[in-house]
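The following pair of complexes shares a single chain, subunit A, combined with subunit B in the former and subunit C in the latter.
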Partner chain A sequence: MLPNREACGSSDIYSLEEVSKTFEVKSGLARSVRAEIQAVSGVSFRVRPSETFGIIGETGSGKTTIAKMMLLVYRPDTGRILFEGEDISKFKDAQIRDYRRKVQTVFQDPTSSLNPRHKVRDLVEAPLKIYHQASEGKVNSLLKLVNLDDSYLQRYPHTLSGGEKQRVAIARALALNPEVLILDEPTSALDVSVQAKIIALLKDLKTRLKITYVFISHDLSLVANFCDRTLVVYRGKMCEMGETGEIFKNPLHPYTRLLLSSVPVVSDSEIRVKPADVPEEIPTVPINGHSEGCVFRDRCWLREDVCDTGPKFIDKGKEHWVACHFA
Partner chain B sequence: MTSFLEINGLNLSVHSDGRVLPILSDVSLTLERSEAVAIVGETGSGKTLTARAVMGVLPKNAVIRSGTITFNGVNVLTKEGAAAAREHIAMIFQNPMSSINPLFRVEDQMNDVLNWSLHGRKETKEEKTSRIRSALEGAQCYGDGKILRMFPFQLSGGMRQRVMIAMALLRKPSLLIADEPTTALDVTTQKEILSLLTKLTKEEKMSLILITHNLGIARESSMKTYVMYAGRVVEAGPTAQIFRKPLHPYTKGLIDSIPSLDKSRSMEGIDGEIAQQDRAAVGCCFASRCSYAIDKCLTRQPELKELAPGQKVACYVAEQGGLRVV
Partner chain C sequence: MSDSSVVRWQNFAQSFRRLTYDRMALAGLVMLAAIVALALLAPYITPYPNEAGAYANFGQAFLSPSLSHLFGTDDVGRDVFTRVIFGFRISLFIAVVVLIPSVILGVTLGLVAGYYGGWVEALVERVTDVFLALPALIFALVIAGILGPSLQDVIIALLSLWWNWYARIMFTLTKSLKNQPYVEAARVQGAGAFRIMFREILPNAASTLSAKMMLDAGFIILIEAGMGFLGIGVRPPTPDLGVMVANGSAYIATKWWIPVFPSIALTLLILAFNLIGNGIRDLFDVKVI
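Let's turn to the complex of A and B:
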């Protein structure tokens, strides 16, 4: 059974049902299709109101593609994305406008997501102007929300530090009172000391404004400290999903265990959290034939013949879902 | 006895718009053969410039005001010394894509490095190819020479970084400077690259300077750690000891900022950022952000003092045993 079919109320903010997306690689003068890349395949999950839902995975695992589909940048090839029970791909102009107000995003690199020729005031005011909500004092109160004072209003992005820029980006995302913030690696360009401050700010805003976060990251320690539930993806497929604490305490998928064991840590107590059964060196054994099997089997040290048929994503109890024959 | 690499009281400034800005103040560092040291600190702490001073590849507007750098007994700050040292030092950078030429095949780029290092001596094509192959193998780049014919864009991030390491290994350096070598990589690839670097220090007796802002990496891949702040070394000592018992408030703040796997840390963070005026401050460079600061910290720069075996700290509060009390 897939998680979207479980008995869950319509109270969910998001419900993704078997969402897939394939990109075509074109080359040559005729732009003929040379290859297809399955960026996301059969992804289903639900995001509950006021929770922080984490998506973790390596480069190319499809986490940003999932976010872009949720933001209506791409349309899924198959499957549906329901927002408050409604299919977002069926939205018409007015609904899209309303949806874009409710769902905002913060990107990884604030330097490229803030227009360098605009002052902080204009940057934060831009969404308000588009939605005819601009008013005296609104920008000031937004900046106050992210702990920046009025002196920042007339400054340009290049005069700000990385942390301050990201605060401006967060203020802009909050301008229209969104219900959901999609955070795509918002702190990976920052120093740890600044990252800690931004994460504290996001936690504080969540309790004050009752927003739902979808948090995309490759930093497992950060997800452990920030997310209520976590989804682990690998090459576009779901590996494991559940309560964050449960996943870190009892990782069932070998890929999750590999990720956990690879994190560099700074204290002895954290080493004890790392799974002990992951081999030091893992040779990659190429997959031949069967394209349906488990996506992780080329790197998996537990691999057996049964892995050539895809494992189902099943609930192992306590809403801890995993796709592995040996879990 | 002198060490393999010794930086002593290095002061460096940058000339910009007719002003002279101090960047590094009184930086000292020692490194032995086959030893791995880590330099950690936030953006703007001076980690990279310290390494570039060793390599002799400073920006044009940077001037060394005082201090010495000796590598293997040779003064690196003279023109001849720098040329001699560069024969034995190699450096790898954060983003492999920007340090490899995207227009040339891996083989051609590696050949260039070889030809340059031969200084006009002749070597047959076979000799060169075998040296390139053994360097690639040393960097765990397998694949029967297929990689040689590839362009950089055809390689994954991890493979590119391995090619960079292979290029650095071509000349069998006795010192490798790795400037944030894994920042752009996934955790699993990062672990492979770091264990490769550790293996090279053990088996090839290579010394390693690892520059990183990720303290976890410093802890797992170095023997000594130097913590830098605003162009000064504020704490230095054996890595395990520093992480178990950081004495400088900045080191402690950095460690407390790191999210922990087992949620054992508060993730407090440190307010503010490194400001240019901290570099020229009369008092302690960290005083403006330090929650432990006392009056003395604002009037005089504390000196590095050995407060625990091998562990040097520049902090008045730590001298008084203050961090433990608070």
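Let's turn to the complex of A and C:
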């Protein structure tokens, strides 16, 4: 029933099992809890070796929280995150160190993720120094890998363009030969033309270095172009998961269809790809009671009473998973 | 290693060059350089180096400014110019001796408190609260009452108060800087706490700290002179600008050069530090708390 049972077991790089995370909003003198925000709830998926696994959803859907839990920035409230079969929240210091070496990340905004006081050389060399692997020429070869030449070594981030900065961030992430690269919207802060170059670079690096990518994005066309399998999340819950091509050809969840229909198109051939049943305007209905119902029912045009009880995340065949009563 | 120290020197030289584009800051730098040179070379510049401290020659007392005595002579016949440039030594010495340990201690504590939070933060905050509640001059009076007035009690009083400011500033800076994505990036890369505090956070606080240090240097010199003036700091016959102003003030109406030249010297020294501090602040666009 759970996607944990899909495919094989121990060969997976990552296996998330029913992972949930709630943030408490505290305020007032006594720092009492005013509200709880369920950022991620009951998320389970597996990442296979050297695949590109996409996580897609709009702002606030919990995709970055998932990434940060995988990066050991947050700890899940419930559920487990297994990396190569081992629970990462049970890691001791030495294992955490080893894990951090194997799993590197590229952040959304290269301007804020590169220390403005460090030069390119120091930025790329930092992970090497942490793990005592710094050596002559290593930084140069890393820069070469992301198509930057040696003239960048002595430059500060503020003298670089957005695309160049992100290349430096990628070079830094690759410094320790990681097994997994978690890419949290690596192109969303860049111009469209630069986006394409960075994606091409990431694809090229993947074929050369055999890294597993976890690619987080809100941009459907990027995911369609880049990811082998895709998970669609909405308000911290899983809506749909499967082969990227299958999801785009045959979107089963109304939210996925809404996302697909909202992609701006420039030609007739693109319009044909769009799902036909999504109405122009969808009135939002406030959800009352039944917190365990489908999270999308406030915006869903298919909504019925049955949606007040949560749809199960089930396999509709061809490993195409969906959580919708009408799928 | 030598490679990166060369780079660091180039960075410093580059910032320094940019600072000199600011005319006021350049004026401050020139003034400070001149004062430091006068203080360091004092015994070689003045023809009367022995007149700086305990010396009396009533035969040449109260001489007005002339070529042989640029700033005139005081009530016991000492050359005022000599005493002024030796006085710079005390002022600069106080500024360095108070600032450097204050910055090292305060910045380290502020970094640790801001980075770790929790009880470390609470402890550092409460301790600094207590010290910051004490006014510097009153505190120095108490110390002077216990130890007897001397240069030492000025240093003890200022040191025990001053590090608190740096702990506070560094604490506030760390609190905001530690949430920067580049700090998170370093943590995710596997960097340890020490590396994050001193390599990632501290360099981003350097401009605020250096502007604050320059402004503080002037302030410390002023407080030290004030304590000398009140008789709770350095004691005569040591050539201290504050003491010279205090003793000379009796002659302001008749022998004006005795208090006026030390006053001008003090003003220029403090002004130099303030101009440099403002220049650094404008250069890096930092807010000095």
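One rule holds in what follows: the second predicted complex is superposed on the first by the 325 of 327 C-alpha atoms of A that agree within 3 Å, B and C clash if a C-alpha of one lies under 4 Å from a C-alpha of the other, contacts with A are read in each partner's own complex, and residues count from 1 in each chain.
Quick note on the criterion: contacts are C-beta pairs under 8 Å (C-beta built on N, C-alpha and C of every residue); 3 or more make two chains touch, one makes a residue touch a chain.
Only a predicted model underlies this, so the values are computations on that prediction, with no experimental measurement involved.
Visitor: State whether subunit B and subunit C clash or fit side by side on subunit A once the two structures are superposed.
Guide: Once both complexes are aligned on subunit A, subunit B and subunit C fit side by side.
Visitor: Any idea whether subunit B or subunit C touches more of subunit A?
Guide: On the superposition, B touches more of the residues of subunit A.
Visitor: Figure out whether A:119 sits in contact with subunit B (first) or subunit C (second), or with both, or with neither.
Guide: second
Visitor: Is A:58 contacted by the first partner subunit B, the second partner subunit C, both or neither?
Guide: A:58 sits against subunit B, while subunit C stays out of touch.
Visitor: Contact-wise, after the overlay, does A:197 reach subunit B, subunit C, both or neither (first, second, both, neither)?
Guide: first
Visitor: Quick one: classify A:265 as touching subunit B (first), subunit C (second), both or neither.
Guide: In the superposition, A:265 touches subunit B alone.
Visitor: With both complexes overlaid on chain A, what's the closest CA-to-CA approach of subunit B to subunit C, in Å?
Guide: In the combined three-chain model, subunit B comes within 12 Å of subunit C at the C-alpha level.
Visitor: By the touch definition above, which subunit A residues appear in both interfaces, subunit B in one complex and subunit C in the other?
Guide: The answer is that subunit A has no such residue.
Visitor: Please give the residue numbers of subunit B that touch subunit A in the complex, ascending.
Guide: Against subunit A, subunit B makes touches at 42-43, 157, 186-191, 194-195, 213-217, 219-220, 243, 253-265, 267-271, 273.
Visitor: Within the complex, which stretch of subunit A touches subunit B?
Guide: Result: residues 58-59, 161-163, 191-197, 199-200, 218-222, 224-226, 248, 258-260, 262-267, 269-270, 272-274, 280 of subunit A touch subunit B.
Visitor: Would you tell me which residues of subunit A are touching subunit C in their complex?
Guide: Going by the criterion above, the answer is residues 71-73, 96-97, 100-101, 104-105, 107, 109, 112-119, 122, 126-127, 130-131, 154, 169, 172.
Visitor: Hey, which residues of subunit C end up touching subunit A in the complex?
Guide: Within the complex, subunit C contacts subunit A at residues 4, 7, 180-182, 184-192, 195, 199-200, 203-204, 206.
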